[in-house]
Structures are given as C-alpha cells and as structure tokens.
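In order of appearance the chains are A, B, C and D, and numbering begins at 1 in each one.
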Amino acid sequence: MSQDITVTTLFFSFAADRMNCRNKNYVIPQGTTLGEMVHLLQPQLGPDSTHWLYSVNEEWASGERPLEDGDEIAVIPPVSGG
Amino acid sequence: MSQDITVTTLFFSFAADRMNCRNKNYVIPQGTTLGEMVHLLQPQLGPDSTHWLYSVNEEWASGERPLEDGDEIAVIPPVSGG
Amino acid sequence: MDVYRITKEPIDVEEALQAIADPAVGAQAIFLGTVRNEFEGKSSQGLYYDAYVGLAEKELAQIGAELKDEFGARHVVLIHRTGDLPVGAISVLVAVSTGHRPEAFEAARHGIDRVKARVPIWKKEHWSDGGDAWHHDPTAFGLT
Amino acid sequence: MDVYRITKEPIDVEEALQAIADPAVGAQAIFLGTVRNEFEGKSSQGLYYDAYVGLAEKELAQIGAELKDEFGARHVVLIHRTGDLPVGAISVLVAVSTGHRPEAFEAARHGIDRVKARVPIWKKEHWSDGGDAWHHDPTAFGLT
C-alpha cells in the first residue's frame, strides 16, 4: 500500500509568474517520478515545460528519478544569465 | 655642392648594448637616405640589423627616405613587449 | 584561489584580481557583463536577475573545474549578481589566470558562454516605457 | 574614453574600467600581462622593460583605431609599463568595451597580439642566477 509524500517545488522567472508563486508544497503518492510530477504541473506551467530542466535537491535530475519525502524540486525554465 | 647634416640616432634593447650607447649624433652628407645610414651602422649593429625596423621623427620609415638636418632616427630591433 | 558566487552585492573587480594572482601566471583575462540601456533596439532602464542560488553556485564551480581541466586555468573567479541592477552595473564577472595568453582568452570565453548557457539565472528587462519582460519567455518577446 | 599610454607607474585597472564604461555597452574584456617567475623553465626574478615612448604611444593609438574599425570596440585602453618590474606586476593592460561579448573577446585578443607584435617595447629577463638577457636577442637565448 503506497503512502503519500510531501515535496517542495520551486519556481523561477516566468515559471513563477505562470504559477503565481515562488514555491509550493505538493502531496503526491510515494513512488512518483520527477517526470510524472512535471506532467502534473504541465497544465499550469505550459506545454513548453516538458522541455525544461529540473533539479532535485540542487542536483540536475532526469524524468525517471523517483521522488522522496522532503525533496526540493526546482523548475528551471530556459536560463538567461549574463 | 652637398652640405653635411646632423642626425640623432636612438638605440634600444640589445641594439643599445651593441652600440654601447642609447643615442648618438652623426654628421652625414645631405641627401643620405635612411637605408644608407643603416648600412653605415651595420658593422657595429650586426648583420641582422638590415632586417630591423627604423623610424624617423617617430614615424615608421623605409630605406628610401632621405634624411634631413635634425632628424631623429630610431633603430628598432625585434620588439618584445607584453 | 577560486571564487564561485551568486551575490546581491556589487561585483568587486579588485577582489577577483587578487584571487587569480599567482607568480607562475603570465596572463589574466577578465570578462565583465554590464547592463545595457537597450535590448534589440528597445530602450531599457535596467535588469532584474533571479537565481536558484544553491544550484547556481554548484554549476559555477563545475564550470570552473572544466576551465581548469580543458584550458589549464590556474585560478578561476565566476561571480553573478542578482536583484535589480541599473544600466552600467556589472552583472557577471569571469576572471581566469593562465601561463600564457591564448589559454586565458579561451578559458574566459568558454567561461562566460557556459555561465550563460547553463547556470540557473534569469533576467527580466525593465523597459523604459514601464513594462517588464523575462528574457526567453515565449510570450514576452512576441515569440509565440 | 580611450587611453594609450606608456608609463613607469603601476597600472591601475580601476582607471581602465572607468574609461571603458558606457551605458550602451554590454561586454567588457580586459587582458592583463603579468611578470612570471620563470621563462622557458628558467627561474626569473623579474623583467626590465624599455620603450621608445613617443612612437610606442602613437602605435598604441593606431592599434586602438583598428580595434574600433575592425571589431566595433567603443572604448579602448592600452597601457604598457616600463622599468624594472617584479614578479607578479602587471606589465600590460588591454581593456575594451563593446555591445556584445564575441566582439569584446575578438578586440581584446587582437589588441594584445598587435601590441606584442608592433609596439616598440623590449623586455630584459633578470634571471634568478644573476644574468640578464634581452628577449629576441639572438645571442642571449642560444639562437646563434
């Protein structure tokens, strides 16, 4: 039987504008992958968000990564530093 | 009838070492060209000096240039700034 | 010495020069990005920079390690400023020191290119006409 | 603002940054040449630089004009120091500002290359073992 976990998600730049917030907690089923989480966010983040980068706990992460309770996910739209 | 003119010649780097001085005045016949002057200096400056650059009155000059009274000639061995 | 930093404070070029100094070094290359008064022909009053600080500093350090491996940089300083920056302010500094000059230019050039391409930092243009626009936002620059 | 100077005084990087500042500029590239503690594997205590000051400053200005024409540099600073310089001292500074970064690197790179190739300045190595040698002197480095 799967338990739920809580993850924190950070939004930056125009992703924060689209979400109307800088960070948000989500309660999701244990075993959820990062890719599934992104799919969950996509309606509000926009269709381009599947091409963006993501990190978990300040490390770049791919869609297959299983999420754990307390993870910090960051949504990284195309960067524009410099 | 040709008169004599006086020119000042400046030496730098190892050219100054070879000449044992930083500058020297020469009395030469009017109408002498820079190339002829370089030929005159060559025994002491060394055989490589014909490949060096020269300036007259702080402007790069070629061998055909006729020298005039009071000219400042600079002997420019290969540069090594930086 | 190496410095990898995201900061709200003004960037201090002198600090970077001290960090990359080394008696074995003959060449130092420094790149500064500064805030322009226009972008693609439209007048701007300045930029706002947002960053994911933790990951950004890790990525700066990763880029610094690459510059040492690939171009023989002896010391690397990568600093990016965040917050509201007026026209003329330094937003980013790349400073490297190397034995000779070709590597210095190579390292600095790849340094700024990689910072711009990979580090999680975002800029918003404060247009002189009052509007704002995040760079790379498809809706902000008529890209959609 | 442009600066073309041969000087016995220490080179002031901050002065150069002020000179190239401009609200229309997004990129600044600075190259510093520093005195190394060795040359081709032989330990050195420092360098002596000689210059033909009048012609050297004219040539620096000529190179600056070329960097503007060829690479769109808006401001150029070219300063070379002369006299006895200890290890670690800055011997030469090239600073340029441009609209964008590729031209900044191109201009700075060609700036230092042309200064080294064309400006009447000469350096003498003060070896740690006590000897001296002018660079490019065919007798000094066993070239003959």
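One rule holds in what follows: a residue touches a chain if its C-beta (ideal position, glycine included) is under 8 Å from a C-beta of that chain, and two chains touch if they have at least 3 such contacts.
What you see is a predicted model, and the numbers here were worked out from it, not measured in a lab.
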{"item": "Fewest touching-chain hops separating subunit A from subunit D", "value": "2"}
{"item": "For subunit A paired with subunit B, centre-to-centre distance based on mean C-alpha positions, whole Å", "value": "75"}
{"item": "Between subunit C and subunit D, centroid-to-centroid distance (C-alpha), Å", "value": "24"}
{"item": "Whole-Å gap separating subunit B and subunit D, where each centre is the average of the chain's CA atoms", "value": "26"}
{"item": "Between subunit B and subunit C, centroid-to-centroid distance (C-alpha), Å", "value": "50"}
{"item": "Junction residues of subunit C - those touching two or more other chains", "value": "33, 101, 112"}
{"item": "Residues of subunit A engaged with two or more neighbouring chains", "value": "82"}
{"item": "Pairs of chains found to touch, sorted by chain label", "value": "A-C, B-D, C-D"}
{"item": "Complex contacts: residues of subunit D adjacent to subunit C", "value": "13-14, 17, 21-38, 87-88, 97, 99, 101, 104-105, 108-109, 112"}
{"item": "Touching residues on subunit B, where the partner in the complex is subunit D", "value": "10, 12-14, 16-17, 48, 55, 58-60, 74, 76-82"}
{"item": "Subunit C residues within the subunit A interface of the complex", "value": "33, 49-52, 54-56, 58, 80, 91-92, 112, 115-124, 134-140"}
